[in-house]
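Below, subunit A partners subunit B and then partners subunit C, in two separate complexes.
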Partner chain A sequence: MEKQLSLPRLRPEMTSGVLCAWLKAEGETVRAGEPVYEIETDKVVNQIEATEGGVLKKLLREEGDEVAAGEAVAILETE
Partner chain B sequence: MIHIACPSADPYYNLAFEEFVFQTFQEEDVFLLWRNRPCMVVGSYQNICRETRPARLRRKGIPVLRRISGGGAVYHDLGNVNYSCITAQDGPVDYDKSLAPVLDALNAIGVPAEKNRACDIAIGGKKISGSAQRAAGGRLLHHGTLLFDADLSALEEISVQGKNECVQTKGTMSAICPVTNIRRHLPGDMDVETFMERLLAQMVPEGRRRILTAEQDAAVCRLRDEKYRSWAWTWGRTPPFTYEKSGTFAGKEFFARYQAKQGIVSAVRVDCQAIDGLLAEGLLEGAKLDPDGFAAVCAQLAGDRSEELLDLLI
Partner chain C sequence: MERKPEWLKVRYNQEAVDEVAKLLGELKLNTVCKEANCPNLGECYRKHTATFMILGSECTRNCRFCNVTPGKPLPPDPEEPENVALAAKKLGLRHVVLTCPTRDDLPDGGAAHFAKTVGAIRASCPGVTVETLISDMKMNTSALDVVIAAHPEVLNHNVETVRELQKAVRPQADYQRSLDVLRYCKGKDPTLLTKTGFMVGLGETEEQIGRLLDDVLAVGCDILTIGQYLQPSPEHYPLARYATPEDFARYKEMALAKGFRHVASAPLARSSYKAWEALEGVHDLH
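Coming up: the complex of A and B.
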């Protein structure tokens, strides 16, 4: 099943974050709890972990992109 | 909260020390206090070529390092005290919660400090402390600088006048703020060692101070060598950018443009009657973004005037 990975809201006032690094590549398998990407907002770099396992089918945003909270950054194909 | 002593002034070692403790001490809250010899430390996702002047820093012998937290570029010297608080990450991002104990400790030892902006500490509106964070694996690293007796003229020259406007890039921008040293605002004078000892006494009780084991120290040294001294981490992580500079070299009109992605230079154009542009392009195409490498190219192209050329190229 395809699921969207979307940018979490890390504090109530957060409107967007910068996707600073993909830690997994397109096509790679991720396990639940594994870090997938890093975002920076308000001088905090946050490592974002997968909440469930699957294959990273498509990365929708590039490193350096500013992404709105809640917006999809990748598509995960779950088992 | 425990304290682990970090007796080194080597910035490469100290950043590795902090990351090692962040990754390894999962069960306890840890407080660190440490100082660096003069260096420039940029945020995890900053463009070194925009936020600093690499050629100038190279001439001054000031190294540039990349840290693992967000935020902007900071000049460090032995008059600047760094603190790190490593805790469990519970709840949303909240700088107030992280800053409160440090503010209380500063106030308790007579520093008339107050919170300023989102994550700064100030005295009379002038910044004495900036901070940044990293959250990973349920743990939070909050760290900050404390300008105690830093060389503010060096700081001004290096960070305030150190922007490179010829770089178009993504990545985190540094903020410029008026600053002051804590030492000037104390009711009674003390040296930096006393300040650190008194701050530590406020933060961590006597009986909870540790040092790393020899094995742990060896792991810190490995991380220092493999990550913090590596080109790949410091320069290779620079966000993609386009460099473009017009000026004068050796009395002739000068123009240079290139791109860099993952720290590798491409699409180079160098146009100046005083140097062999084709040779310059050939030498820089595919080169690593690295001031020492660029300096060697400049020496080959411009001999005695290599520093002048280096200033135009990076």
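Coming up: the complex of A and C.
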């Protein structure tokens, strides 16, 4: 089943963050709990973990993009 | 925005955060983790730990480093002490840290509410230790006496920064008053473990840090936390520098050499981060 990976709202007033790095490539398998990408916010760089496993089918955003909270960054084909 | 150094990376798992946030939301509880936009929230919530912010989420002061919303707080929630105890039980906490926004609007600064909350935790969670991270309560000794009488294992009050930066960083507070709070509490009950913390990266010098360590030690403080200041937004006090992990290791050496019993010094060390380990570390020295 295809699922969108969306940027979580890391704090209530957060509107967006900068996607600074993909830690997994398109086509790569991801396990639940593994970090998939990094988002830079005002204070730190957050490594966002997958909440379920699957194959990273498509990356929708590139490194350096500013992404709105809640916006999809990738499509995961779940197991 | 200046690029963050490698050592300022944290993990975030939405499911783990949602689980703890849901429980806290159902009990109408605030955490300083969320209100202060703490970078360790993801890690702590995953481990089912949280620092409760009792007495509301709005602060009567407006410190320039802090993300807690300034405003007019509501009266204390009478159900909050029991709800904190219930949450502590559900989360399986072995050490509960309680903090608050500064409540200059309340005659006792919220001391009685602190004492009730400590009492509720004692009644529902036997064996659980409690740490109260209090405001200066305007150095009102009768208010401080109420907190001391509740006998938390650790009484924490942060000096936040060196003497020279106090006016700029926390204009409604006072370095000497914070030292007086720590001295008074230790003097009143020497069995209390006292704790304080400060940030680096606000523009302080190493000499100023050395003097802060001496000042805090002179008021009998047992436990110290040192962490990196992280600017919550462009409107907050400007960041002067990122101290390196080697800097933090040096500060720790300095503090231990001067005589502190336990020092947590790391870029992401926070006042309540791994607070149980600090208490355990000091008890090992008994």
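Quick note on the criterion: the second predicted complex is superposed on the first by the 79 of 79 C-alpha atoms of A that agree within 3 Å, B and C clash if a C-alpha of one lies under 4 Å from a C-alpha of the other, contacts with A are read in each partner's own complex, and residues count from 1 in each chain.
Note that in this section a contact is a pair of C-beta atoms (placed from the backbone, for glycine too) under 8 Å apart; a residue touches a chain by one contact, two chains touch by 3 or more.
All values reported here derive from a predicted model rather than from experimental measurement.
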* Asked: Which holds for A:L10: it touches subunit B only (first), subunit C only (second), both, or neither?
  -> both
* To do: Please indicate which partner A:A21 is in contact with in the superposed arrangement: first for subunit B, second for subunit C, both, or neither.
  => first
* Asked: Can A:E63 be said to touch subunit B (first), subunit C (second), both, or neither?
  -> first
* Scan A:T51 for contacts with subunit B and subunit C and give back first, second, both or neither. => second
* Asked: Both subunit B and subunit C touch subunit A; at which residues?
  -> 10-12, 18, 35, 38, 40, 42-47, 49
* **Of subunit A, residues touching subunit C in the complex** => 8, 10-12, 18, 33, 35, 38, 40, 42-49, 51
* Structure fact -> Per the touch rule, the subunit C residues reaching subunit A in their complex are 1, 3-4, 8-15, 17, 34, 37, 39, 42, 230-233, 268
* Structure fact -> Contacts from subunit B onto subunit A in the complex sit at residues 43-45, 68-72, 92-95, 118-119, 131-137, 170-172, 237, 239-240
* So in the complex, which bits of subunit A are touching subunit B? -> 10-12, 14, 18, 20-21, 35, 38, 40-47, 49, 63-65
